[in-house]
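Both of the next two complexes hold subunit A, though its partner changes from subunit B to subunit C.
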Partner chain A sequence: MKNNLNKVIDFLNRKNVMLFVGGACCTILILVTILAPILELHDPTEMNLSASFMAPCANYPFGTDNLGRCIYSRVIEGSRISLTTASIVVILSAAIGTVVGLIFGYSGGITDAVVMRIVDIFLAFPTIVFALAVSTVLGTGQKNLIIAICCIQWTRYARMARGEVVLLKNAEYIEAAKAMGNNKFQIIFKYLLPNVASKILILMSLDIGSIILYCASLSFLGLGAQPPSPDWGAMISDGKDYLRFSPWMSLFPGLSIAFSALSFNMLGDGLRDLIDPRMRESVNPE
Partner chain B sequence: MLEVTNLCKSFESGFWRNKKVNAVDDISFQICEGEIFGLIGGSGCGKTTTSRMIMGFLKPDSGSIRYNGRELSTMKKNEWLKMRRDIQIVFQNPQMTFNPRSTVYNCCAEPIRLFHLAKSREEERSRVYEMLDSVGVSRDQSNKYPHEISGGQAQRLSIVRALSVNPKLLICDEPTSMLDVSVQAQVIALIKEKQMEKGISILYVSHDLDVIKAVCQRVAVMNNGKIVEMGSADEIFNRPKHSYTQQLMSSAI
Partner chain C sequence: MGKYIIRRVLAILLVLWAVATLTYFTVHVTPGDTAMAILIERDGPEAVNEETLNFIRTKFDLSRPISVQYFEWLGNAVRGNFGISYRNNMPVKDMLSIRLPNTLKLGGTACLISLLIALPLGVMSALKHNKLLDHLSRILTLALSSFPGFWLAIMGIVLFSIKLNWLPTSGMNTPSSIILPALTLSVGMTAATTRMLRSSMLDVMNQDYMIVARSKGLSKSRTIVSHGFRNAIPPIITIVGLQIGHILGGAVIIENIFAWPGIGDLFINAVNSKDTPMIEGCVILISFGYAFINLVVDIIYACIDPRVKYTNGGN
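Up next, the complex of A and B:
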């Protein structure tokens, strides 16, 4: 018993808590997304005007909105939209950014300098403002939202990958690989990519949280998924007019945004601490 | 076979690029077929810069490097890729020579894959095992990662790996300086044995006089980017003419 307690304390001291709590929350979220049709009590788009503005009760656990739709079912259905959008954005921007960063970082020279200045310009823009501008040009809708956020987000990966490559490319084993007769692309994809991959993965898991937030804020402004599809941001936006007498309309989608952003951030932090011990604060200064 | 003439390389430093270091200053030497040529010198005298220029990692400022009559210093990248089969290199730090993310097996199989030396997976496997056996590394260790095997094993593997494509010229850039004395002897014995077996030429770069004496037939002594003396090993070690060479000999314990 005492042994177990010591183990638990040791475990907490190593600060892996973040990783496990974050991982557990993310697993719950993903399960909810997959099992959405089973968990929903009502059709998320079904209107029932006689049951509008109902407070949370047994039949409608999170209450109903102005059109009598079940908030609980809409929040669950909304997780599908948020998570798929966020993961598509993260995967797309990580792929583009990593390839750009690897190639230009390895080549160096003037092209590298030019591309990195472009990246700097992108990074200097506030994401939301840039995404708003892109969405205005492309029009509203889920696809354009994804494109808009990707346009900004890839630069973070390009910077990260480039920085790592600049460090790695003078390593002796890269020179050895060159001496052995690997060409440029073999070196980039066989040697540099695996060595950069862990950092990129951490950044991806850290990014999902903020991308969920971006998606929600953009759809709050009416740029993302269009009604009647149940997007969290759009639901908050719908509820803001009735905030005084039926706060549950905005409260529950808001809570789910906070929960998912928090859990992915915790997962990312935990992963970073696990893989990159330099970033970890020392807990046991013996 | 390898002919280096009037090779120069300088590095610029300082905020305004106003400081200039002549790392390699007008050196010339030849390496003949089947010969082990030694290049000795203290730290920072330009030995490694020279070997890096011969490998094409650095562009010389002036001078020429000719290999069997072909100019290496102005060669295009894709021509170099074919040339890699003829010229191979062994680096100083054995553990850094291998990709830390791939297993010893994959590291050893890499030249075979790159130059399509094996027709099938089985042939590749048997060739890699042959390589491991020839340097006394057990086959179970082929699934380990480079940092899990010892420095001596890694260095011996990097030598047989370099030799697996049957190069005509091998550059050894201080291959023993990171190893302890007992392992040094094994590595030197391996290099000499392989050289006898295949009749390759070797450029052996080192600061270790004893090693050079044991291995090389001809020796050049470098100081501050210049070759101060060149001759047979016997001449250099027994009748050094230049003051720097004499100083070097007397500083050895």
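Up next, the complex of A and C:
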């Protein structure tokens, strides 16, 4: 018994298990998102008041909600909303942040100082608080939720890209590139970008998990996709009023959020250990 | 050192001014007639007529140009006066000062719980690097950081309040009311701090001075406590500072779920009723708290870690 345990631990140490498990879970998630219409047992928005508040059973594996909608089908359909929102946020904020960080970090001087102070200002708001404030102006809905979170998230990438460029810009190969007659933008996008790309990619994969959680929190507060679309956060919020007799209304959407956040967190952790072990926990959430 | 602190304080003041201004212009300047919106929100559409509109405009000072309004608002905001709540006619300042102690109590308890769990777990995890305990704690912290706090809160209510009937579902009437909200709020911070402490202990334990300390004949535990842990502390202080920001944000939702009468609950209600002065007051207070904690963290950091260069502003 003890021997077997040691073997397992030994295996865990040798292989990047995080990466494999995380990668497998993410693949499952993406497959579910693509195959959603096939996997759903019922129409996720179809109401059937005679079947409301049903406990999990063969016909409705996760039970039904207050309007008699199949929670299993809604959870499956909800993966599309959750994953697309999170990927759009990550890609947008990484793109904006990296470009800003690279350009101003390379140029240096006053503009660089000003942009970094702007980044500091955005970092002075807790994400949820800022997103809520923005939503009072923009209104609710998935598009506005994406804008609100991007407003804060881009600063993380800007900081990281700038930090890297400041270190790299005096390297010999950049001098060489300059001597060869490359202009500023060629140097930034042909020589500097590839060198920061791996760190940006790791940060992106580490971020997806927390962004899924941010989106869920905001849609729990009613700022995300509007009913009847099956948004996980909103489903938990709907179930909040019926906890006493049908807790499954909140249980399953929450488990799905946790599963997707966990999958991407594991993938991110594994990727970081694989590509850049020195980065470790220095890239912290928030 | 004194110069460094003055520089940091000045930088923070600049950031705070920018935070206040950004908040003002994002939240205050809404399209359409603000007076009309306030009236409809407060008394319903039937109350709208010329007389009531003028009353609202004078009462909340909406008729003058926005630039004039801004400078007056800023002057008042510096003194902590954010105007009168659109919703219930009370000064925002008074409502914030009633609610603030409750948020501090909840946040403080959550931080304490996190540190009590994270410090021993993180150190043990590093000491037993790649052993069973380390793997368990890594899996546990990774899992915990993936659960949405508001969902844990709701499931906590289902289990401990509804099924077992041990704890109250909401409010802060009994001393046990704080247990569920504080526990659910502390989860994220516990996970992040444990992970950070583990990796910074691991970094420290590979340093040459640890080997020197061991070869001097110090016992393993002595080396870890007096050389290892001390050197691992600075990054912990940084992450604790950042996590307090996280707790401030998380408290917004947790307070709302448990009807805990703090700033977060006030804020969500203000957002839902578009109560602009109250939203501004809450956002600015929370961001100020966050900035202040980070200032304190930077100063402590500089005091205990002589390697920080004061000239670079600590970044």
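We take it that the second predicted complex is superposed on the first by the 265 of 286 C-alpha atoms of A that agree within 3 Å, B and C clash if a C-alpha of one lies under 4 Å from a C-alpha of the other, contacts with A are read in each partner's own complex, and residues count from 1 in each chain.
One rule holds in what follows: a contact is a pair of C-beta atoms (placed from the backbone, for glycine too) under 8 Å apart; a residue touches a chain by one contact, two chains touch by 3 or more.
Fair warning: this is a prediction, and the values are worked out from it, not measured in the lab.
**Q** Return first, second, both or neither, reflecting whether A:Ala171 touches subunit B, subunit C, both chains, or no partner chain.
**A** First partner only, subunit B.
**Q** Once the two complexes are aligned on chain A, which partner has more residues of subunit A within touching range, subunit B or subunit C?
**A** Counting residues of subunit A touched by each partner, the higher count goes to C.
**Q** May I ask you to decide whether A:Asn3 touches subunit B, subunit C, both, or neither, giving the answer as first, second, both or neither?
**A** neither
**Q** Where does A:Asn195 make contact in the superposed view: on subunit B (first), on subunit C (second), on both, or on neither?
**A** Only subunit B is touched by A:Asn195; subunit C is not.
**Q** In the overlaid three-chain picture, which partner chain does A:Ala179 touch, first (subunit B) or second (subunit C), both, or neither?
**A** The answer is first: A:Ala179 touches subunit B but not subunit C.
**Q** For A:Ser250, decide between first (touching subunit B), second (touching subunit C), both and neither.
**A** The second partner, subunit C, only.
**Q** Return first, second, both or neither, reflecting whether A:Leu132 touches subunit B, subunit C, both chains, or no partner chain.
**A** second
**Q** For subunit A, which residues count as touching subunit C in their complex?
**A** 5, 9, 12-13, 117-118, 120-121, 124-130, 132-137, 209, 213, 216-217, 220-221, 233, 236, 239-240, 243-244, 247, 250-251, 253-254, 257-258, 261-262, 265-266, 269, 280-282, 284-286
**Q** Which stretch or stretches of subunit B touch subunit A in the complex?
**A** Touch list, subunit B to subunit A: 55, 57, 77-78, 81, 84-85, 88-89, 91-93, 96-102, 110-111, 114-115, 158, 161-162, 165.
**Q** Considering only the defined contacts, which subunit A positions touch subunit B in the complex?
**A** 171-173, 175-184, 186, 190-191, 194-195
**Q** What residues of subunit C sit close enough to touch subunit A in their complex?
**A** Counting only subunit C, the residues touching subunit A are 11, 14-16, 18-19, 22-23, 26-27, 30, 130-132, 135, 142-143, 145-151, 154-155, 157-158, 162, 192, 195-196, 198-200, 203, 239, 242-243, 245-246, 248-250, 252-253, 256-257, 267-268, 271, 274, 276, 279, 282-283, 286-287, 290-291.
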